[in-house]
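So, here's a batch of structures to check.
Across the two complexes that follow, subunit A remains constant while its partner is subunit B and subsequently subunit C.
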Partner chain A sequence: MIEISKLHKRLGNKDVLTDINFTVEPGRIFGLVGENGAGKTTLIKCVTGVYRPEQGAVLIDGKNVYDNPAVKERIGYVADQNRYFPSYRIKELLSFYALAYPRFSSERFWELNKIFKLPATARVKELSKGMQMRLTLMLSLSIRPDILVLDEPTSGLDPLAKREVINLLLQEVESRDVTVLISSHHLGDLERICDTIGIMSQGQMKSIHSLEEMKLQIRKLQAVFPQGTPADLASWPEVLAVEKMGRVHYIITKQYCADLLAKLNQAQPLVLEEVPLSLEDMFIYAAKEGYRQ
Partner chain B sequence: MKQLFPKAVFYKEWKSARWGLALFILLFVSKLFDAIQRLNNLKELAQCGELVVANSAYWFQQLIYGNSIFLLIFVLTSVLAYLLFYQDRQEATASLIGSLPFTKEQAFNVKWITGAGIIVMAFLVNGLLLTGFYFANRAWMFSTAYQVIPTWTALHLVFALAAFSFMLFVQCAMGHSLAAAAVGPIAGLVPLFFFAGLNDIVRYQFNLSYDNVVSNFLDRLTGAVNWLDLISASYVQNTSGIVCPVYDNMPVRIVVFLAITVIFLWLGRIAYQQNAVEKSGELLMFPFLEPVLIYGFALCLGLLLALMFGLGYGENSVLVMDAFLVGGFVGGWFLAKRVVAYYQH
Partner chain C sequence: MLHVDVKSSKPIYEQIKDQIKEGIIKGIFQPGDKLPSVRELSTMLTINPNTVSKAYQELEREKAIETVRGRGTFIVEDYRPQLDQERLQEISDLLRKVVVEAHYLGLSKQQLEQMVDDLYADLGGEDQ
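Here is the complex of A and B:
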């Protein structure tokens, strides 16, 4: 289990993370979304023990991560950029990982390589960005982690490889109860796999919702009000945002409920119906409006 | 042992620093090549009947003790420390290293052990080669005892370990490995240059004689910080009137170098444990070192310019010297501030 409480992190003169609190239960997948510079990568680096938090705690099964090898050897970390020693051959990286991680399995690596097909004698610097990402994923899965932390794992991957990665993650969670923390700008991918979504903005966790709950609460309604828009519609507590295109109002809810529908029906709309809303749309509205749970 | 020195870290550090061993051995072998060349000269002289054995009785000892290699050791140990740190200081790789299951203490221990191991191996190889040469040419060694080789090796080995610990400490205190590799050897000589330069400046500024109290004090201070003097041989004349280099006070020299090693090993370890990954690539790891670097550089540049152009070219004019001292200080201050700011994230 990942537990983060009152986490603060400064980089230079900037507070990059402020009062972050959340928990990821074992066997769950937690998705992190947020605009560039929201603090996702910094948060991930705190979770993997790369950064020392200024305040607060990052605990894995109740133990601090920073400078704690016993905890770190249970974490698989896929970073958003190439981190390996560029002059190493893949075979050498395998030797290094086998020495570093007690649970590292070469068999698992070669099994995964049947899918990803990397040349064993190639040097890291000779691999393309996508191939380096595959290598990172394969190594991180081969250590048989209890916790998987992934920062933009599908960036640089072609659609087929991306699908393989998503399937592998789901398999890991299903077969080994792995806890996953994943950040991605590909919200469609997160929508497919995450149990919970955390929306970050300006170093703060703006909202945490289970995806199911989010889909229930955040909805998009289209309505036409022939007798005029209800007063203060945008400031209703159930409403996240209102957009108008011609006569049509698009109402994004943050607490979809029967009361809201009743209130809207009082305005005698000509049309009142729900339209599909993707996670990407939800994220965009939530980020724009500072949506808070 | 596994807890103190994890195998994976050894694997990584050895792969990074193994070229340092090759470099060390190659450069030390130059001493052997010198010896071969000198021996050939002696043999040629003997063939011509011009060899005076009394004059060449200590040729091997003079060759081994005579040519100081402190600058070479300074540069090589700095290169070795750089090889052990350059991956740690690249932002992306630093993140990987930070996420690996090792403590900072383990990482630092392995860095030192790997570097020290390479130095020991290099001296061992060099010592063995010189030993082979000595016994293969025993008849040409005349009055030089074999003891010369282990003595020289032991003294230079402890000196190299002290220098390496110092360079490692500089790497731990700085976030930019290449800058640290340049600063290390210079920083090791700064106290010596500073007090020697200050002595000259003060003497000319206030028109003091060489035996003045202040000048004497600065002289003593210069001598105290001149740790490189500890690997220089002193010359004695034997009964036949031949000048021969010897190392006196060997135990004291060795104890001093071991003390320097322990002090910088301890300081380096403390500094490395406080290293923050996010500072990788910045010039300095610790903000409190900024004024030390900025004012230290400004002072040294002021002194250097005053000594070079004030005393040398200004016909010892106090006014010219002061102008260069102040100008160098101000220029150095601005330059150092700009450099520190440039490397800040």
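Here is the complex of A and C:
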């Protein structure tokens, strides 16, 4: 389990993280989204014990991560840029991992490699970006982690490899109740696999919702009001945003409920229907809302 | 035959639940048929295993499927679909759209009723 409370982090003279609080239970997948520079990677580096938190606590199963090798050896960390010794061959890297992680199993690595088929004698520098990502993931899974932290694991992968990587993750969650923290810009990937989504912006966690909750609350309606649009529509508490295209209003809700529908129906709309909304759209609207506050 | 529409406002577990129930009613799933395991389905659809578990748990509560320890998950012998209010409203909304659409196309009520009868015939009997 990952528990983060009141976490602050400064880098240089900039507050990169402000008052971050959240928990990830075992067997759950927490997805981290946010624009570039929102603080996702800094947060991940605090969770993996690379950075020392300024204030607040980062606990893995109740223990501090920073400077704590006993906890760190249970964390599989797939960083956004992985720096292995470029001239190492894969099998040399395996012995290196076996030294660093007591629970490392090279059998597990070769079992995983039946899917990805990396040549054992290849040097790290000879591998493509996508292959290096697979290598990191396989190494991280071979330490039999209780916690998996992945920073943009699917970037630079072709669709087939991406699916294999995600399926591997899902299997770990299913079979070993691994706790997963994953960040990605590919919101389409996240919305299929995450239990909970945290939206970050400017160093703060703007919202934490289960995906089911988000789907129920944040919806997009299209409406035409021939009798005139309710004047204060955009400032209704249930409404996140309103867009107008010709005579059609697109209403993005943040609290979809029967009350809202009743209020809209009072204005006697000619059409009032729901249109599909992806997580990407939700993220964009939620981020815009964040800027307004 | 199961698929996931991430853009739908219906949560993924509910989509799976509804598709399995629909499959039972259409006879795609027969009593005693084995469903994929949580792990298999999660990999097949690339979705969270917790989502699959939740769908299966609810289907079990509604007595559509049963899990036999060590053997797997199966369609029950005598599934009786229940009507719930929310679904009823959904169906009524869908029907309204179809009726309006049909009206604009110039279809008569009789023609529409004939189409409904044909659909029931395809499903195999009105009592289903």
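One rule holds in what follows: the second predicted complex is superposed on the first by the 290 of 293 C-alpha atoms of A that agree within 3 Å, B and C clash if a C-alpha of one lies under 4 Å from a C-alpha of the other, contacts with A are read in each partner's own complex, and residues count from 1 in each chain.
By definition in this document, contacts are C-beta pairs under 8 Å (C-beta built on N, C-alpha and C of every residue); 3 or more make two chains touch, one makes a residue touch a chain.
Since this is a predicted model, take the numbers as computed values, not measurements.
> Which of the two partners, first being subunit B and second being subunit C, lies in contact with A:Gly27: first, second, both, or neither?
second
> Please indicate which partner A:Ile75 is in contact with in the superposed arrangement: first for subunit B, second for subunit C, both, or neither.
first
> Answer with first, second, both or neither: which of subunit B and subunit C does A:Asn167 touch in the superposed model?
second
> Going by the contact rule set out at the top, does A:Asp19 touch subunit B (first), subunit C (second), both, or neither?
neither
> Taking the superposition on A as described, I'd like to know which of subunit B and subunit C A:Glu35 touches: first, second, both or neither.
Neither partner.
> Of the partners subunit B and subunit C, which touch A:Cys194 in the superposed model: first, second, both, neither?
The answer is second: A:Cys194 touches subunit C but not subunit B.
> Which subunit A residues qualify as touching subunit C in the complex?
27-29, 163, 166-167, 170-171, 173-175, 188, 191-195, 211-212, 215-216, 219, 274, 276-279
> Which residues of subunit C touch subunit A in their complex?
4-13, 38-39, 42-43, 45-50
> Can you check the complex and tell me which residues of subunit B touch subunit A?
Touching subunit A: residues 6-8, 11-12, 15, 87, 92-93, 95-96, 98-104, 106, 276-278, 344-345 of subunit B.
> In the complex of these two chains, what residues of subunit A are touching subunit B?
11-12, 45, 48-52, 67-70, 72-73, 75, 77, 79, 81-85, 88, 92, 95-97, 99-101
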